[in-house]
Amino acid sequence: MLNYVTSYLNSNVTPGQAGNVFWAFVYIMVVFAGISLAVVAMNWLERKALAHMQVRLGPMRVGPHGLLQPIADAIKLLLKEDIIPDRADKAVFWAAPFMVVMAAFTTYIVVPFGPTHAITDMNIGILFMLGVSSLGVLGIVMAGWASNSNYPLMGALRSSAQMISYEVAMGMAVVSAVVMTSLNDKGVGTLSMIGIVQAQQQQGIWFAFKFFPLGFVALGIFAIAMVAETNRAPFDLPEAESELTAGFHTEYSGFRWSLFMLGEYAAMIAVSSVAVTLWLGGWLRPFPNALSGSGWDFVFSLFPGFTFLILAGFAFLGVIRMPKHPYFKAETLGLAGFAGALGLIGLILFIPPVRDRIEDIYWFIAKVAVFMYLYIWYRATFPRYRFDQLMKVGWKVLLPTAIGVLIFTAVLGVTIK
Amino acid sequence: MADENKSSSPPPPGNEPKPGAGKQSGSVEPLPPADKPAPVSNPAPTSTSEPKPAAPPKPGGPESAGATPPTKPPAPAAAPPKPTGPVPVAWESGMVNKLRGQYGSGIEALTCLGQNYIVADSSLTFELLQVMRDEEEFDYCVDVTAVHYPKREKQFDLVWILYSFPRNERVRVKTMIAENETFPTVSNIWPTANWLEREVFDMFGIKFEGHPDMKRILLPDGWKGHPLRKDYGIIEQDKEWVQINLGIESGQ
Amino acid sequence: MTPVATSFFFYLLSGLALLGGVLVITRRNPVHSALALILTLLALAGIYLMLYAPFVAGVQILLYAGGIMVLFLFVIMLVNIGRAEKEKQFNKQWIVSFVAAAVTGLLFVWILTKSPLLRQIAQKAPMQLPEASNTQDVGNLLYGQYMLSFEIASLLLLVAIVGAVVMAKKRI
Amino acid sequence: MTADATKYLSHLELGERDETFLDSNELIINMGPQHPATHGVLRVILKLDGEKVLGTECVIGYLHRGVEKIAEHRTYTMFNPYVDRMDYVAAVSNGLGYCEAVEKLLNVQAPPRANYVRVILTELNRIASHQLWLGTHALDIGAMTPLFYTFRDREEILKIFEKYCGARLTTHAFRIGGCLYETYDGFERDVKKFVDFVTPKIDEYEELLTTNRIWVERTKGVGYISAKDCIALGVTGPVLRASGVKWDIRKAQPYANYSEFDFEIPTGQNGDTYDRYLVRLVEMRQSLRIISQAVERIPEGPIMAKVPKVIKPPVGEIYHSIEAPKGELGYFIVSDGSTQPYRIRVRPPSFVNLQALDLMVRGALVADVIAVIGTLDIVLGEVDR
């Protein structure tokens, strides 16, 4: 047994490929816990960032700077009465949120956090990713229909039409990136997520900058379509608060409602990971070729540690600025402890073996975080599209552009090699 | 339509010489407004600058008061004035003369407190309103309302407040109707009257014939009684409706 | 990838597929039927995966479960379900069709057990397809050997799209 | 509306249905009275074909308090605070209209200093009302941030109100015959500071929205209403002006001392939601212009005219209207010579403007209904009274 466990450590592939059930299970648990934690953190960050963009403070009461707010929210949601409308279709109503969460979390099976840091690497990686994430819409449609109410139904109709429309443009953009992977000696591309990143490594360029501006445009199309896919502002019509109260989850409350939120945020992270993997070099650090050499490797490997130290510094700044009043004593201590923990993590990340193992994951997460910040930024900036305008953007702007990009990519790929 | 020439310049020049204010016979003395030099010296009673073309000069206008501007506004008569009320006087204008010629004694055009109104016989009123809209360009129906006088034989005053964009002029048309008497709707003439008439129906129970959707607007559909009638007490309510629909004993 | 608990997953997935299939025809509510069909399609995708055909599995999920069935649901949700539930579920020929289905099933079983040709194939079955190049092989076949039929099929689909638009909209 | 009414309306577009074989049922949706975008307790029954609006019916009265009935049982002075509760985001305007109407009936005139204070406060209130409108309207259309910006700036106005009369929302700032309170020390300074503070802020709102592509797409051509229809339906205020009619009671029939100030009436040409948005923004700037003129010239003198303790207007009736932020706000007061009004009729701009909703949203999409409710700038307290 121990042998079975340790044997994987020497292998150079993901646990799924190695067929090691134990490590696969460990990875699944780690990814699941990590994503859940990320969703919780994202919740806090979104509220805080949005608040500061809107000249207000955001959560400040629960814990220092509202750090414990997500926990308080989670407890509140779990303790809330779980209402199932009397005329609802109980079974479907019950299953819908699980469908959404499952679709969102299953995609993480193929997300490559590093060359070996993925649950598995599938031959059809990106196809699987798109396919499973498109199942999320089923949950939304089920929720909208099962609620047996007009607003959720309209939300579900909008959602299904919107997601199917944007999936087309999204798929075209993805294909143009996949075409780029085939620009090697053998002329064979790959759909595997790890393979796509490796192709970028081999070609020495992130696909976002390949055939400039083609790759960049494709990334742009994907970045727009993925916002629509995850029903976020400015494409949040299915849950447009001012029109449909809450859209497809109007009738949901408590735990089930929180599952929808969990699924939505998990899906946001998932599609951002796809964008990062396909166009922004996945786990690759910036300038792997231009700034190569062991010296630069060393410099870039210090980034994770410094990031945490900077965060710890911010937290300490918060400690210093805390009012010196006995009432805030517990909060000050808590924040200091939090800062200390961040600093400690930062220091641990400087230890060479940890540093080497964590660096890929760090760069991947950093890139995803940029996209997550964009999500928040969009939400603070844009009004909401109307349904016909949304369709117009999807079919008349994004899709032709994506097809054009695909054709040009293919032509350039054949001619330039 | 509604051209800018009217709107940008305050009142039409025609009525400038005339002070316009109601010829209050009472002793309430209007305070002269402009007693400081800088701003435009506005002729005494700006507040009542209702345009009235070709109105005859009124006796005892307030310009006599405005002529003696002390630094301090003059205190009104020491004793609180006994409100005897402004007396309406006949309103003369080309339009009124034309209408008088058309309807004779059926209408009475008056001016009171600087505001013009026409009291018309209820049988003539609808036609009058149509004429006002189509020929006299009163294209904007500001309001339709009613007043209840329970002691009168014809209990209700129906009031239309009209405004003309081209003439920048307001006029009220009043008529009297009895309880249970209906009146033809003017929502065909001014579509805005649709809801206003519904409100009158809701509050006074006056039905408008030919109205496309004659039902209550503010109160619930099944409510009994018309609250703005004088015989409807201030804490009165439709107990039955409240008990059935709200499930409480009383709304008070 | 070394397979784990192959037979367990095979029976699980085929069981789910069968269950879904039965539910599709027995549920009165069309939305439930559609959802059961999605279950069947997903189980089939799992079986494709076990057959080392990941591309087919991926397409199955992406197109059938994620695309077509959502459109199905989209349409069904707009239908008056109350009326659909009151209508008779089976018409009078259900006995005939039951017999036909049973005979066909028996035929399959008979062929599987008796036919020498099939037995020959069955013995060769555990041929390991290289998973790593499955997608590339599919691509090569589609755009190489079967190029013409692939293009004809896509043309057919185009005709179908145009036809659907013309039929659905009276004035274009 | 009957067929006859079409004579006075330029168009009465009945939503046309797409002819398809897949004939889905018409969907009746009940929007409100509890709905985030109906600005209170408005209930709109929508008849939809998919997302397309075939017709609407407004159900109002959920906030009906019988203000007109209450008025008949209160003295003139006692009724004054009630008017603040109608359009509660523009309470000062309501009070101005009522006080001036009673003053006209009494034939009293407020002293000049009172008029200046009245104009300053009323115009401040107009800005506050427009800011609240802008924030909620943008929120309805999905832009979240302007709401917080406008509320931040509106707060400064409310602070001035609070310093002046102790209340922020239902101010009861004016009395019959003038103002009760002398301005506090530093009133002029505060107002000037506010003008300097808010002028760049209005540019900030514009920066967020005016050229925002999504905002323009959501508002251009949405909720169109022609000048002819506006007049026929009695729609007044910014909605009328955005349709191209240059009509503002402050200019057409000046009240208070508006004739002394130099300001423009903004108009639009297209009569759509975008033009109404622009018109209101310019109105805010013009209000600032009036305020800065008024605060420079504010004269010394008494703030209250001599009115009897017991207000007993002579027998008679009066109609007086002012330009409230939402349109023409009129008071029709019938006096029987007693201390209580015989009848007070309030002509609320929101109530009349709301009637245009049906015309404006026929054939549009559900999302446009929200935009149009927002752009009409209704306050249900005033619609229902």
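A few remarks follow.
A, B, C and D are the chain letters, set down in written order, and residue numbers restart from 1 in every chain.
Just so it is clear, a contact is a pair of C-beta atoms (placed from the backbone, for glycine too) under 8 Å apart; a residue touches a chain by one contact, two chains touch by 3 or more.
Not measured: the values here are computed from a predicted model.
Between chain A and chain B, the least number of touching-chain steps is 2. Located most centrally within the structure is D, per distance between chain CA means and the overall CA mean. Distance between chain A and chain D, defined via averaged C-alpha coordinates, is recorded as 45 Å.
Between the CA-based centres of chain A and chain C the separation comes to 31 Å, rounded to the whole angstrom.
Centre-to-centre spacing of chain B and chain C amounts to 76 Å, using the average Cα coordinate of each chain. Taking each chain's centre as the average of its CA atoms, chain C and chain D sit 61 Å apart. For chain C, the set of residues touching two or more other chains reads 78. Against chain D, the residues of chain A that register as touching in their complex are 50, 53-56, 150-151, 154, 158, 233-234, 236-237, 240-245, 379-389. The part of chain D that touches chain A in the complex is made up of residues 27, 29-30, 35-37, 51, 138-145, 147-149, 152, 208-209, 212, 214-215, 217-218, 365-368, 370.
Interface residues of chain B facing chain D in the complex, by the touch rule stated above, are 1-2, 4, 6-11, 21-22, 24, 26, 28, 30-31, 33-36, 38-40, 42, 45-51, 72-73, 75-76, 80-81, 83-86, 112-115, 139-143, 145, 147-148, 159, 161, 165, 168, 170, 172, 187-192, 194-196, 199, 203, 210, 212, 216-220, 227-228, 230, 232, 234.
Against chain C, the residues of chain A that register as touching in their complex are 16-17, 19, 21, 89, 91-92, 120, 122-124, 127-128, 130-132, 134-135, 137-138, 141-142, 144-145, 153, 156-157, 160-161, 163-164, 167, 188, 190-191.
The touching residues of chain C, when paired with chain A in their complex, are 1-2, 4, 29, 31-32, 35, 38, 54-55, 57-59, 61-62, 65-67, 69-71, 73-74, 77-78, 131-136.
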